């Protein structure tokens, strides 16, 4: 048809979620080809890890997926604990589950809000989601004195016990959030325009998802019933009753819906966990500086997929090598295959539904 | 022990290969990586290439693959030892498309050339750069490695 | 002559005030919808915020990007603003307050506001920016296709009232607003939808499409040129609402209150309706919007026109 137009979408663009740079080849409005360029947020985390002690690296994991810092802390600490064979008290395990799920709720809320924003719903769903998230963030502020980068989970436990009265706050939040979820359904899920924009857009087949090692809500939206919390339970996830939400088609709407449903499931987990917290001391008893030997690879189910830490230790105080397998990295790698042939509005919709965080892609 | 089963199956299939277990990883010779990987994917149902990376051991380089079998719930750590003067290894891109970007990343940081890779460019660092920053001998004027911690004193 | 000058100045003053009010109002409405406070610091509940904005925009540097098509880039804001301002000529604020009651008022207002698309396309083309170009192309396609159902629904009003003069149409509604007649109610809905598209508001804000095209055709504009696009957008919103109020809601007619009050109430209610939609709905896609215009709105408007016309002839 017409002349090819190369549009550089990003690194500064309202809907590339940070500093992703997509080189789009357009024919009119149809995307012919897409080449993602990464690295604008590269902070050489893995090199830093080699120059810090194990404990010193925990704050850096906050900066990977900055919307789910607790989950990153958790993933890293579990990997180190696996390396050192450290036992964690039951109370710490329950608290870890609670904060990880709270952070998952917060992260999914942001995903839902920004997805609606990408579809052109001006700011309203985003504000709703952020004001809900604000409650979680304030709670975390109470727990560890920080709103975004928590450094709360420590090797062998947590940095401190929860302040008294926290369970009441969490219970109130759960009650409030159930009401809010009804509102999201009314505002977005069955909105005709929203459906028209996201249904059957960017269909990710089961086979393609597995081939690209896609994980998390995106994989589940493609109809694969796979959740590490269920299939390879870590911490105490096997003690809770929750469902794995799956989609049917694997389109953008399914990815949105799976996230919305997962919020409900996370709230269910928190409800059960908060009733069953055992007494004890969750504070870490492990030395701040220690030596390790061997290798460990451990994955946890992050809000965006499976976060893996590959630690190699050679007896020093620092990790010899720390590879971070970030979920968004693999999830993004499927994007060029997904948006070829769609038009530019749909490309933005698909990118929004993938819910990437550049902090953990570039590391 | 699941890794032993995997080793045994590979041994049965390729009796002449030196497949050994080092630590918790399966080490295969570089020349037969593609064969073994194809076997792992097609017959032992490791359908997921989770992560590709490398470890610089100063005298040699290890390319590390984490393969996952969703049906059997096995995470296999596959290693290939590369001599420092010949950092080339066959690309597994055709078996697992996810290896595409992961191999690019490994190339970017370690300089391992993945043969027959469709698009082996740097992924994070600037294209014109010639250094490989995650190697242990990486040196730059503005990069000063912190001295190894000596632990708590006194 | 003096009367014309005076009404011209009055209209300009009204436009400035109305745009400022609408900007403040939109901020407040969006704030209420989103559980926020909105502007609160400048003046009582932020009433002076638009003035602060205007001063800021006036003081901004006027940046001209490299490689622009200078003439079209420079003229575009005027091509967008001037038609909107001149459209005020035929707006009847009350029985006597109308700058000039043209006997082809409806025709005039429809044709003069269509010139805006020229300005938008000039802005898109002249900016030497791909996002602007895409925005301009989208805008041209959108406005031209929504002009059809819009005109068809206006035509029905003209058929019903038998005049093209705005005042004449208001007078024709003395015994009941047009919106209460079923065939004109359909026309009213069509008019509302297509006028929303005409002024590029959500859910039809495709030319601007922040999340896709950054800011569409006015991406490269700064300072006062940007402000002119802004003022034109808000004034255009008022124009289409005022036209809708005149054509369908009985214009300045209403009990007790003076005509101006009724007219402004009706117009601003419609403006509020547009804002309400903007802060609630997502955006539709380009092709969905086009097929909506050509496959749904235009056929309905045509059928409506034919059937009502047949009834009018028969009765």
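First chain written, first letter: the chains are A, B and C, and each begins at residue 1.
Operating definition for what follows: a residue touches a chain if its C-beta (ideal position, glycine included) is under 8 Å from a C-beta of that chain, and two chains touch if they have at least 3 such contacts.
What you see is a predicted model, and the numbers here were worked out from it, not measured in a lab.
Q: Could you name the chain whose CA centroid falls nearest to the centroid of all protein CA atoms?
A: A
Q: Using C-alpha centres only, name the chain that sits farthest from subunit C.
A: B
Q: Rounded to a whole Å, what is the gap between the Cα centroids of subunit B and subunit C?
A: About 61 Å, centre to centre.
Q: Round to the nearest whole Å and give the separation of the Cα centres of subunit A and subunit C.
A: Here subunit A and subunit C have centroids separated by 43 Å.
Q: Could you tell me the distance, in whole angstrom, between the mean C-alpha positions of subunit A and subunit B?
A: Each chain's C-alpha centroid was found; their separation is 25 Å.
Q: Can you tell me which positions in subunit A touch subunit B when the two form their complex?
A: Subunit A residues touching subunit B: 38-39, 42, 44, 46-47, 50-53, 210-214, 226, 231-232, 287-289, 291, 294-295, 297, 299, 306, 308, 310, 312, 316-318, 320-321, 323, 325, 329-330, 333, 362-363.
Q: Would you mind writing out the residues of subunit B in touch with subunit A in their complex?
A: 23-25, 47-51, 53, 55-56, 64, 66, 70, 73, 75, 77, 96-98, 100-102, 105, 109, 123-126, 133-134, 138, 145-146, 148-152
Q: Could you pull out which subunit A residues touch subunit C in their complex?
A: Answer in residue numbers: 5, 7, 13-15, 29, 116-124, 127-128, 131, 187-188, 191, 193-194, 196-197, 343-346, 348, 352.
Q: List the residues on subunit C that touch subunit A in their complex, please.
A: Going through subunit C, the ones touching subunit A are 30, 33-36, 130-131, 134, 202-203, 205-206, 209-214, 278-288.
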